[in-house]
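Same chain, two partners: chain A is paired with chain B first, then with chain C.
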Partner chain A sequence: MSANRWFATGNFYTTYRQEQRIFTTHLDRVLFGLFLFFLFVWPLFVSASNKHMLVINNILIAVVAVYGLNLVTGFAGLISIGHAAFVGIGAYTLAGTARAIGDSHVLITHAWPLMILISGFMGAAFGAFVGLPAMRLKHLYLAIATLSFQMIFSWTINFMTFFNQGQMIAVGRVFWISGQVGRNEHYLFWYYVILVTAVVCGLGVRNLLRTRYGRCLVAVRDNDRAADAMGMHPGLTKVYAFALAGFFAGIAGALHTYMFRGAGFESFTLHHSIIYLAMAIVGGLGTLPGSLFGPVAIQILELQMEHISEWAGTFLPATMNLATALRPLGFGLVIVLFLMFEPRGIANWWRICRSYFKLWPFRY
Partner chain B sequence: MKGIRFRGCMVVLALGLALVLTPPAAAGETYKLGLSLAITGPTSDAGNPYSKGVEDYMRLVNDTGILGDAKVDCPIRDDMYETAVTKRNFEDFIDQGIVLFLSYATGGNLALAQDFDEVQIPVIPASFHKGIVDAAKYVFLPIASYSHQYVGLGEYVAKNHKGGDLPKVACFIHPSAFGRAPLEDFQAAIAAGLKMEIVEVVEHGKDLDNSALLQRLRSKGVQYVLCQTVQSPVVTLINDSQRLGLTAQSFGEEGKITFLGAHYTGGNDLIALAGSAAEGFYWTTSYRLTSEKGPWTAWQLDLAKKYGRDEKTANSHNYTNGIMAAQVAVEAIRRTREAGQEVTRAALYETLNQMNGDKAYQPLTTVGPVTYSATDRMGVDTLQLYVVKDGAFRAVGEPFKPEYLK
Partner chain C sequence: MNFIYFLTEAQSAIPDAMNTLTISDVTLTFGGLNALTGVDMQIQPGLITSVIGPNGAGKTSLLNCISGFYHPTQGEIRYGSERLTRASPHQITKKGIARAFQNLELFRGLTVLDNLMLARHRHLTYGFFSALVYWGRAARLEAENRAFVEDVIDFMELEAYRKRAVGSLSYGIQKRVEVARALTLGPELLLLDEPMAGMNIEEKEDMVRFILDIQKEREITVALVEHDLGVVMDISDQVYVLDFGELIGAGSPREVAANRKVIDAYIGED
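Right, the complex of A and B next:
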């Protein structure tokens, strides 16, 4: 370990414990603290519109969901293309409860942290169940198994009257210390709730990766036979990877339901599963910062393409529908180019940037 | 002394300029509206011409001064049929201070119903699901609901069925809130005395072949299939029926099947896609069609031509649909201004509520007047039945109102 804990140049670890530190230097810790401080205080100084708060909240919810997907696909190497269904399990745990006991029941409106947690555990239970085939299946075969879960979920929600056949199930407004959270403060309130959840979940994932359970995930991904020979249980590891993914997805689903004040099937389709996967890949599979960068990049890209299409629509001929086509074409093209030229995701840029400052003033 | 006089002159000049440059109240104002709909993605075949209808009529309003010196600004956003995007668009529009919201899908409207009531904004949707009105009191359906359309088709079947037996019908519906919307009312109408028997309710998938379904329906004695979905599944169904020789050559032909459908099943796209299989397809809507000549035909085609629309769009009933929604919105603004009121959400809500009796609004685009009141949230109450004859939809009889659904 470097003698200077503020500006360490290069890696000087002498123990594994040092290598597992969350923050390598004091500067890292301070910068992270400042970043968190900024995230918490900016709404006090900048008045963001509801639209922008909605977008930011959506990004943060996606961050929580992608933590889970990154654990199962990035760290454990198990492909999942049914992640939106797990998010849906969380959302419908809350929405189903609201439908059964009433959308303004005290459990929904006052005990909302508990409901979010219960939704997470429900997601974990389903995750573990869906993860059972992972004990025998790999790669594309496992992908098909998770796809099947997505289809079963779609059918169940769309056809069961209990789930309102996929139509919106409303949940009531929640209460906070100061009383009911009204429309004016709705998005700000949920910004703070989702932000705290995202930070706690992020620290949880970071800490998990420092434990033997976290290292098991990576070991099983790299070579499950070798991991087995080393005394790990690959099957159990895969199941709990899915359970963890389901937990984070369930939490994200409940947050989504509260923020949108209800759950409707349209938000948990196969298309959304693919979008989550795209977020994880663009952000950087198998990296914690990737879970943050991916949702930010994809959501902002989508929004920007929307603006560009709208702008293009002002001068492109209406008869050819060019402006309409611009959005999906541009969005798809950017993703493809990104995957071609930076397959390790945005997290790799972050790594390069950090390395530069870590080695500075030396070049390598 | 000279200085005082100079300053006095400057003050008078400034006051004069201020008087000249200050516009009179309510003159030269721009009223902001917003439309969020599926221009791409599912149901965009309907959303695309709908958006063009709204866009063209708004341009016409601004170009020809329908609101005098006032203008309307109606940004159109693609929500790709995703509720989350619809919500984002809605919040954006609210931030921009819109006075009326033009919405689209059943799911999106149901999801935003609480917001509509909280924000107290009048909404004109493209969906005709009766449940939206039950969920939010600020929603004004432009025409008769899906339930009314479906029951209306049922009534036509009951009245024109030949033979002493009960007509056997199958319901062919979209697997969504939109598709299921009229079923409950249809079943209630039958319970209330509408003489027919529902043999089967089919929620279609993405089937490319309906042979088995059609054979099954025929083996059960089904003579009429009532569709509440979009065009493409109906096209597959009637194409297969023609191939199997099951399509009735005349209404209610024994041993064959007659197909009927609500608003979003029909239109020129259906004929273009199904060709001769569309012959004899019965369809109901409250809109006038360009295939039926009248003063509205030239008006609509001129509008489309003026803004460079192709022939397909110009003749689309969903183009008419969009024009009509925009017409109602603009008419509400015009009447509010005429009454000397400030154009606000609350004022527009009141104006729309008073749109009845001698204040009913008669646009060229519909078969009946638009009427709203505190208890009536359905604009055009009458429906027109059309049938495909020689490759075009032709009116059957006069506009009607379903009797079993009030």
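Right, the complex of A and C next:
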């Protein structure tokens, strides 16, 4: 190993093991460590209002969901317009269990990590099933198959009495070592649970991506004839991609239900599927950091649009409903602008910044 | 008794050196058109077997039949004692037959290194959960296979392009990556579809050298489809000639060059 592992410049490897590292310099490692440390300790110094905690938790849940969408759409190149339905599968696995065995059953209140995991596997199972047409269908046809799953999901939830016809199904408060998590600590408690989940899932995805289980996704995206010749079953690989996406969506869904203390159909509609897609696109399809940037950017955008339309409502004639139309309009505009001018998303800005610092102190 | 049983079992598990690929009476039809008609061919282990013929003669179709992208309408393809006739490409790859495509079929967005690592797919035999934590077996096998890939990069003289995106490389280099990737699959039998097409003299000479080394040093059987008759006659042990999907000549380069039908087909073309 070279003497200086703090900067990329003049840093060279002597074994392939060294090159496998995620962080190639100490500086990268330390900065990432500091970032994580900050995420864990800031609530100790700043006490955010419930409203803000809700936004932050929502962003983190979306991060977990977008990991999944990014794997299937970004890495494996299979457009999914039904991601919110997979999140819904996770949410309703938990809510359905609550309805079947009571919302304060120990399974729900004490074994909540298990319930979250089960919801993930349920999402994966549905993902694999919905992904089956990928064995034969491509591009638009496949996207339509995912869209129809979204429709079937919404319809089923809305009509089945077991699911309370889409009305809120409540789940009880969970227990931690220190006893029941009360009203005051609720959002903070779930902030930490969701943060840990997001970090663990992120590391898992990062690891998968540098092994055969991640490379095969990119292979079927770039060229599935060649992927076949490399000895992988292209159809099954795509089904696997959908299962992965479903898994992360399912986890996110269960977290959502626990945090909102219940599930209702209105959080898992086509509209949300499009938002997830927007997050993946704006963040950067086919990049891991993109799964972080996207949800943050879209959430901030949504809040801003809300402010702007409120403000515009003060002087625009109310009868024309212009103010409310501003929100989806601005939202669509941002997506279109990104697709036109920065299809590689915010992650690309991040990449450019990094590659500048990589050569430091040399300009080129 | 048991001991001897295990001994013989272990021995029979090792494939008897290398297999012969036998194509018998293969016909391939698209609609009304016969791309191949009753083709018989043998690819002997350890040799360089070439297939030549004018444009549209059915050479690529033949390779597609062997590598499982097409299935013959009639006839049979065997590798050793195994039937390949109905197998899919990934199954055939697992039997040790690799293919380099005529029209580049690379993962264009990925680096040369990633393209080659993808070819190690079936050798990376760690489990999903090992991959998830990237510990133990996963990390070890990744490093081992990376070493194999580096060996191929070294062999095919691709060091300078290791981290470059394949799509950004020149055509000649991409062709070389295509061959390198097939080689990285670790095959017994390598099918090369016009590996020298579109190359300049210099690049062609390099490629000929690589092919000869693949056969001699790496002891891999080579089946070569090529238009450059000079090269084919120089390096082949066995030559088959296709014309309009039919076999019109077979034998050593010398025999084929003297074959009346072959001369007619080639003169008729030009």
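Please note the rule applied: the second predicted complex is superposed on the first by the 333 of 364 C-alpha atoms of A that agree within 3 Å, B and C clash if a C-alpha of one lies under 4 Å from a C-alpha of the other, contacts with A are read in each partner's own complex, and residues count from 1 in each chain.
By our rule, a residue touches a chain if its C-beta (ideal position, glycine included) is under 8 Å from a C-beta of that chain, and two chains touch if they have at least 3 such contacts.
Please read all numbers here as calculations on a predicted model, not as lab measurements.
> Contact-wise, after the overlay, does A:H83 reach chain B, chain C, both or neither (first, second, both, neither)?
Touch status of A:H83: no partner.
> Check the residue A:R183 against both partner chains and state whether it touches chain B (first), chain C (second), both, or neither.
In the superposition, A:R183 contacts chain B only.
> Applying the touch criterion given at the start, work out whether A:K238 contacts chain B, chain C, both or neither, answering first, second, both or neither.
The answer is neither, since A:K238 touches no partner chain.
> After lining up the shared chain so the two structures overlap, which partner does A:A229 touch, if you call chain B first and chain C second: first, second, both or neither?
Once the two structures are laid over each other on A, A:A229 reaches chain C alone.
> Mind working out whether A:Y213 is in touch with chain B, chain C, both or neither, as first, second, both or neither?
second
> For A:L54, is the partner it touches chain B (first), chain C (second), both, or none of the two (neither)?
Only chain B; A:L54 stays clear of chain C.
> After the superposition on A, what does A:Q167 contact: first (chain B), second (chain C), both or neither?
The first partner, chain B, only.
> Please give the residue numbers of chain A that touch chain B in the complex, ascending.
Touching chain B: residues 49-51, 54-55, 58, 158-159, 165-168, 170, 183, 260-262, 264-267, 306, 309-310, 317-319, 321, 324-325, 327-328 of chain A.
> Applying the document's contact rule, which stretches of chain C touch chain A when the two form their complex?
For chain C paired with chain A, touching residues are 67, 69, 88-90, 93-94, 98-99, 101, 105-110, 114, 117-122, 124, 126, 128, 131-134, 138-139, 142-143, 146-147, 150, 181, 185.
> Within the complex, which stretch of chain B touches chain A?
These residues of chain B touch chain A: 39-40, 48, 52, 55, 75, 77-78, 81-84, 87-88, 91-92, 94-95, 106-107, 110-111, 113-115, 118-119, 175-177, 180, 203, 307-310.
> For chain A, which residues are in contact with chain C within the complex?
Checking each residue of chain A against chain C gives 15-17, 19-20, 204, 207-208, 210-216, 218-219, 222-223, 225-234.
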